[in-house]
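Okay, so chain A shows up in both of these, paired with chain B first and chain C after.
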Partner chain A sequence: MKKRVMTAAIAALTLGMTGCGEPESKGIDPKIYTDSLFAVMKADRTNYTKLVVKRLGPAGADVIKPAEHWKDLDNGTLLPAQMFRAGAEAVAEMTDDFTYSLQSIWPINSQNAPKTPMEKEGLEYIGANPGENFYGEETLGDTTYFTAVYPDVAVSDACTVCHNEHKDSPKTDFQLGEIMGGVVIRVPL
Partner chain B sequence: MCTNRTQFLLLIVMLAVSLNGCSPPSENHQEAAVRSDMEVAEALYKKNCKVCHAQGINGAPIVGNQKMWTGRAEQGIDVLVDHAINGFGLMPPKGGKSHVTDEEVRLIVEYYLEQLKKS
Partner chain C sequence: MKAINWIAWITLTLALAVYFGFLLFKAEDKSPLLIGEASHGHFQIELACSSCHLDAFGGGEVIQNACVDCHGDDLEMAHDSHPRKKFTDPRNADLLEVIDARQCISCHTEHQQEQTRAMGVTVPDDYCYHCHQDIGDNRESHKDLPFESCASAGCHNYHDNRALYEDFLVEHADAPWLNAVAALAQPSSASYHASALAKKASPAAEQWQSVSIAKQQQHPQIVAEWLASSHQLQGVDCIGCHVSSDAWVEKPGLDQCQTCHQGETATYLEGKHGMRLAVGLDAMMPKQSQMDFHPNASDQAQGCNSCHSSHSFDTQKAAFESCLSCHADEHSLAYPESPHGQLTQRALNGEQPWNEAVTCATCHMPRLLEKQHGSVSKGKPSMDFGSSINEALLAKLSASGEDVRVGVMHNQNLNLRPNEKMIRPVCMSCHSLEFSIDALADENLIKNNFSGKPEQHIESIDWATKRAMQ
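Entry: the complex of A and B
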């Protein structure tokens, strides 16, 4: 008998803690959605840099040549930023459920400049708050979007040297460990 | 004599206590010093390392993420500090912030390890 009461009490408490009944069926929180997408993009980008460019490029086996004009070279391969962009373009051909892009306030390619006020605000925010993301909602046309901006960082001298010396770069004093731009992910709400 | 009722009440009281936690014992000087060291370390981290270590940029182990630090933390603080100062794999020496002193790097690494105890 004593045991029964205890068990009942514990059961009641457990229920109280977990909530009752079936979980309500509702959509995923857009922040979790974009954070998860970014985790995949980040992992792919790091792996491309580490497992392909570094391993097979001039710093490794030296059999491929990462270069902006990679198409002109027999063994040319895309720069990580171009690889990233190729992914974004392929996704854009498949779906309108979300879009993403690698942007910067100081872009080499002017197409990578922010286009909406929120993109600009987000890029400025992540630049001023290193390591933090930016989240907001914006209305474009008659659709409201959830827009997330994640930092893109100068992780090696290769990033800073190439950008600082590039003829089309509006900024020439990028430093290692600085924010160079951001990944913008946009999903319709 | 222990009735069902008293037993039930006791259970509730125990649970209430465990939910509230106990009030912390008053801090001694040593603990206060460690705490302010960690505040200094946190500020240094935010300024110099957070840009990569909050997000896992380029695979940087995220501060407080047990999974990412398993294997790394086990190397011990001296090895970690050495790697942070001199660079290691994709980690640039001092994260590219050459103005950070070796002592400051050690303090930040202590802060990293401290965050693992919390999470």
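Entry: the complex of A and C
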């Protein structure tokens, strides 16, 4: 009898504890996570290019000077690609939950060419498949990452003119709406 | 026998624990704990261990925080070309295995005197290769150049390229080697003495008036010196400096000076003259340095009054005489006969205005624009290190309605290493970029204090203009 009571008590306690437990956390799908991050990045990048650089720069009101060495100029401001990188660097100082970078097969600065095999594969894929993104997993150092590559499209002639005329640009015939590079977002798994 | 061994072992262990415990927590001289001599940048404070080892626990981040704490502002001011944030992306993981560029000590390892070279660098000089090995393939001018020459030939700098980047080289090409001598702008004084004047007007000041008057009667020579000083002109009297926390201070020092001269003292404490004081050690004396000094200056403890003689506070004297009273290296000894020294002599003779003299301070303690809207960091205003501020620039800025303040950078080391840091804020006030680059790359010319023309030519401007023309 005593043994039966004990067994019933343990079973009741176990059931009770199970009832108190939190439902198992499923977490956000890495693809939805990186897609969402990219949506914010793309919106900000497009707005900066069109609403700030194009509108207030030399092609507009001409009150700001977007330039690579903007710190050296009165009213100097960051080029759209620098603005994007400044954001990536500022994020890196706040969190290591994700990182992102802007890369291209035709970079003005060779340091922004794809480096890892997956970056190369991703940039080639989005170039060959307009409108599609690239997703994969890669291990860098001792960490495995979910890596997503999104197309970076020329949204303004400010992008194409600058790249086509730059002395270090390997490609000089970019057209408006063309894929100029890719945004690589990494999430450690 | 076994018991004796145990007793001896325990005794020895306890003795060592007491010895090292005493060294760690009590002893003033911690030199037995040093694992090696510190570099030229840090040897003065090598016994103030906690300046860098901020915490006994923790990894490389502790040291990294210490580096950034002292050098972070300067790197930001220098538009650092290789900030840590450029390397944190995991795509750099393979590169970081070779050199972990996220940590200062990867290239500037301390206490490794035998492998420490110029700029405190402790990695082989061809470090640029690891990331930029493609440069020879992509740029004809760089083909076959040895990688150890990138940062040592006057062309590039790892951190500070403000005077060396390509567009800047092109923009300043083809200029005459010498322009008119720039007239230095007067440092601002408007807010310096506010604290001293407030002291003078406080109710407590009245009780010190009688002391002050008695002292003046005892020291007529001092009164005469003060009457000719800038302090007298600004209304800062004996009480302004000699009264502190309701007590008469017989020999005012840094503590009193910094109540009004925040910018000067804050930057002074960052330089080689004041860095020991900044970490709570005794003042620096020339005999502690390996540089060449006049023997009679060996024991001269450094403080504000070492250069700015008390009561007269003669800034002309402080600008070169004070320096030359201690420094006796080749560069300093050659100064009086050098073109710069001769300009100073002409100014002293009254043949040209004093603000056109080129003194030691003109180059090593440049006058800079204090940013009104910049951050105030560690009690000092943020300074614009882009160019030394001269009368013409000051007039231009003032005419545009800007609230301009001019400060004197008292960290004489800020633009000294690597010396290309001097090009924009100093040399280019009077000289062309090309001459400045060539002159600063010529070691003999530096030794003779720029008496003559550079014997070698750095081709970076030629290469940059050629590429721009293509």
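Everything that follows uses one rule, which is that the second predicted complex is superposed on the first by the 165 of 189 C-alpha atoms of A that agree within 3 Å, B and C clash if a C-alpha of one lies under 4 Å from a C-alpha of the other, contacts with A are read in each partner's own complex, and residues count from 1 in each chain.
The rule we apply is simple: contacts are C-beta pairs under 8 Å (C-beta built on N, C-alpha and C of every residue); 3 or more make two chains touch, one makes a residue touch a chain.
These numbers were taken from a predicted model, which means no experiment stands behind them.
Q: I'd like to know which partner A:89 touches here: chain B for first, chain C for second, both or neither.
A: second
Q: Look at A:131 in the shared chain and tell me whether it touches chain B only, chain C only, both, or neither; answer first, second, both or neither.
A: After superposition on chain A, A:131 lies in contact with chain B alone.
Q: Which of the two partners, first being chain B and second being chain C, lies in contact with A:34: first, second, both, or neither?
A: In the superposition, A:34 contacts neither chain B nor chain C.
Q: Thinking of the overlay built on chain A, is A:104 touched by chain B (first), by chain C (second), by both, or by neither?
A: In the superposition, A:104 touches no partner, neither chain B nor chain C.
Q: If you stack the two complexes on chain A, which partner ends up touching A:140: first (chain B), second (chain C), both, or neither?
A: The answer is second: A:140 touches chain C but not chain B.
Q: Touch test for A:112: chain B only (first), chain C only (second), both, or neither?
A: Neither partner.
Q: Tell me the contact category for A:153 with respect to chain B and chain C: first, second, both or neither.
A: first
Q: So in the superposed three-chain picture, is A:77 touching just chain B, just chain C, both, or none of them (first/second/both/neither)?
A: In the superposed model, A:77 contacts neither chain B nor chain C.
Q: Would you pull the chain B residues touching chain A in the complex into a rising list?
A: 2, 4, 7-8, 11-12, 15, 46-48, 50-59, 90, 92, 95-97
Q: For the complex, which residues does chain C have touching chain A?
A: Those residues of chain C that touch chain A are 79, 83, 85-86, 88-94, 96-97, 131, 134, 138, 162, 165, 167-168, 386, 467-468, 470.
Q: Under the touch definition given earlier, write down the residues of chain A that touch chain B in their complex.
A: Going by the criterion above, the answer is residues 1-2, 5-6, 9-10, 13, 39, 42, 46, 49-50, 130-133, 150-151, 153-157, 175-179.
Q: Chain C touches which residues of chain A in the complex?
A: Within the complex, chain A touches chain C at residues 68-69, 71-72, 88-90, 92-93, 96, 99, 101, 110-111, 115-116, 119, 140-141, 143, 145, 167, 184, 186, 188.
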